[in-house]
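Quick notes on the structure that follows.
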């Protein structure tokens, strides 16, 4: 039996939690998870609430209609999800394939609740992996002259496959503002540094030259500005002078896989709320 | 202005959260934190809810009386706390003083919301530290023949100082069942291993002999069985063959301080619920 | 151009390092890595030294003959390796396949310097993975009545494939003393707990019941006593009351893969010395 | 009985290790620790070697004279230390006193092999702590008009107290180039971020605004450019949206203490070599 999940943010005031939990209780729902957070600086209320639809007296359309009345009263931004919907995810990748392959194997072991119908790349090298997992692979060669037209072609394909979420598994092309605007908080990137340190190109080389004693990886939603979107997950690992540049890259790969996988999982579990270019993670 | 905090556990059923949040909303309370957890194995509901008493129409006695009606309806175990009450903490210590001193310095920097009126030891060596922090120090020499009488004397002193919480900062004596029964889930110990590995004496020596690559520390509530109470917090740190036994002990000291301090803080913030000899931590 | 690597242990005395480094220098070797360790408790000297054979005047047999004279002088235990020899590794696995698959993918990405010619299992379920990586798969059904004969068959196969190292990627059978004696410090196991906590069966279940706040994984050499061999690598990850048993198992899988992979890599890089049922890791 | 320690760096070539170890062996020294590292990019050899002077036939002046012949042959940069010399450390501090107090308590527990004869501040607030530890406290009020003269006064005092190492325990003044040049690789700072992220002022505020999921601390040698010197030690800790700015600052304090303490200890143990604005840590 499916669950319903609502993510809410609104200006804080008295009675919000009571109103939401009553809404569920009145229609015979059993709350399985409820987590709220108040940002005192901005006086903002955040909530994630999940309840079983077993015995719930409202059907899915009615939930939306009825909850919109609650939402209006408190000027809420909100989203409603059902746990039995399986989102469609497209993976973008370039030449480094470790994050791609890690996602696909985890998907095979049913760690992610999603379909992966499509892999897009600006290089041919992921083709074999895509084939071995029976996933449609589409190469879009991109240079300065054709970026806009290729993005348009990509958008067409994404629409056709009803893609809900794009994940960038070490994809080296930078999207235009226009492309990003079609997927607000629906593109997850993995960057191979602990942002805001080392944004942009060759972060491991720069970390090596700097002589840092920790390296990191950051998974974030993509916004127009490069490597500046809301951070979902970060982690770090110790390095030493004994690590060559190649050692850093090797250590970093494991970190990238782990951070990226966690970020994608949190998104698919509807545990992320974005505000003020930051994230609230209901974990 | 103070907050009220209620910790609740009960068999799960529909409507509990709605009932609790309504109780608060009806009397004009503003919920500042609400966190719930359901243990699916035992079908148990847990909640920590904190609301501002600013404008709340019930006085403190009435809160207790009125909430007991809610509690009865759902067969709740529950505790009510007020954030402006300052608990009284007694520290027990033996010869290793680092955890004691760390607590006292953090207390000086106002990291803990408590009074520390009393330090008890079975050795005289903490006397100077106690004096430098202006805290009453009381030595109880203990051997096989006098343990029961000394515990009785200690209990008298603890009662006199209205002690709410006992923290064992590397205290080497084992309490009798009778003593423990006076402070259920109100005695916090720090043990210098990652329990259940190396319970009892000389855990660093045994970790060294075993050649482990991580050592740990565990803070837990004290129950009758030695080193078996509900675990509040644990952490580990890497070691290597280069670490001598003394290096292990030194690394371990920092770990003990950090784990112990976190456990005591969680207790004072009323963020711990105990059930089935395990803890739910509302962090 | 290859390197030579010597691992040495012996009673400590003056002049060992000078003698070894002179041995290399006299024959025109350039030391690339040298790391020594002295265990003060047992007064034991340990060294790993690696030098380039580029321009070295002794051939491989002569190195062995000449170094044995040095070794005799100091009563050394020692092993000589050449970096251009590629060891043969056999993987044993049962029903949980995540560690197996992780090893194979890392091997594909050339993280390990070894051949993997053989996968052995007591179940058929790893057959497809073996096939997809073009590795010989051999099933040995084992029950109480046939263990000795099956181990004999396995030994024959291992000999035939010239196996240097056995890695147990969640293999559930316990080897007999006789089998283990054929591969001293040449069988690496991954156990899904932070040993010495939770040896034996179902460690995640027991960790869950105990309510620990960290879980761990341990990779060790196999000796006759179950889960008691020299520990090579361990790591831990935080858990909380929110983690169900399945969450623990899922978190643990990532940990197992990471710890196991690191232990196997250290062995293949000839960075491990065993003494007193503990390991010296020259990392 | 004391040990001698030599730290060496030079262009790599054959025979360096043999020459150094022979130098020690010829005069009847027993090597207790030897660790070398070769940076392949710059073809640079680094070594830390420590031997017992028990029975060593050269006196201290002769060691220096004789080793300089070895050093000349290989164009070495080198430093010679004796373990029975106790370095003099001055602590600079401003208004945040947690790092200062942590150092002093660890010093009391004999974790550091040094004297601490002097605390310097641009504020009076550390005076009481200095007094309670019986350490000379000297306030130098600094504004734009008097910085040069005050630094000159400070230098006089440092000279008078024969200070070997300056540690900046959250000192907010920026030294002039001239001041720094008197203490090359002899001033250790603690910065409250994972550099190169958030150099300069208010790193916690900026980390909070950015919404990072990890915060860090960095201890480094001071060079002319602010927060750009060779990094000695870094560490990070997880944060979440639940952490207020004050929570970040609190978590960060523990991290600062731990990272700073480790860096100071490494320096006093003569385990740090600086090259190319990076550090080699012989741990």
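When the chains are written out, they are named A, B, C and D in that same order, and each has its own residue count from 1.
The definition used in the following text is that a contact is a pair of C-beta atoms (placed from the backbone, for glycine too) under 8 Å apart; a residue touches a chain by one contact, two chains touch by 3 or more.
Since this is a predicted model, take the numbers as computed values, not measurements.
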Chain A and chain B share contacts with C, D
Outermost chain relative to chain B, judged by CA means, is C
Between the Cα centroids of chain B and chain D the separation in whole angstrom comes to 38
Rounded to the nearest Å, the gap between Cα centres of chain B and chain C is 42
Within chain D, the set of residues that touch 2 or more other chains is 242, 283
The chain B residues in contact with chain D across the complex are 98, 101, 105, 109, 111, 132, 242, 250, 254, 258, 283
Listed in rising order, the residues of chain D that touch chain A in the complex are 37, 39-40, 194-198, 210-214, 216, 230-236, 240-242, 244, 276-281, 283
Seen from chain A, its contact residues with chain B in the complex are 12-19, 21-22, 24-25, 28-36, 38
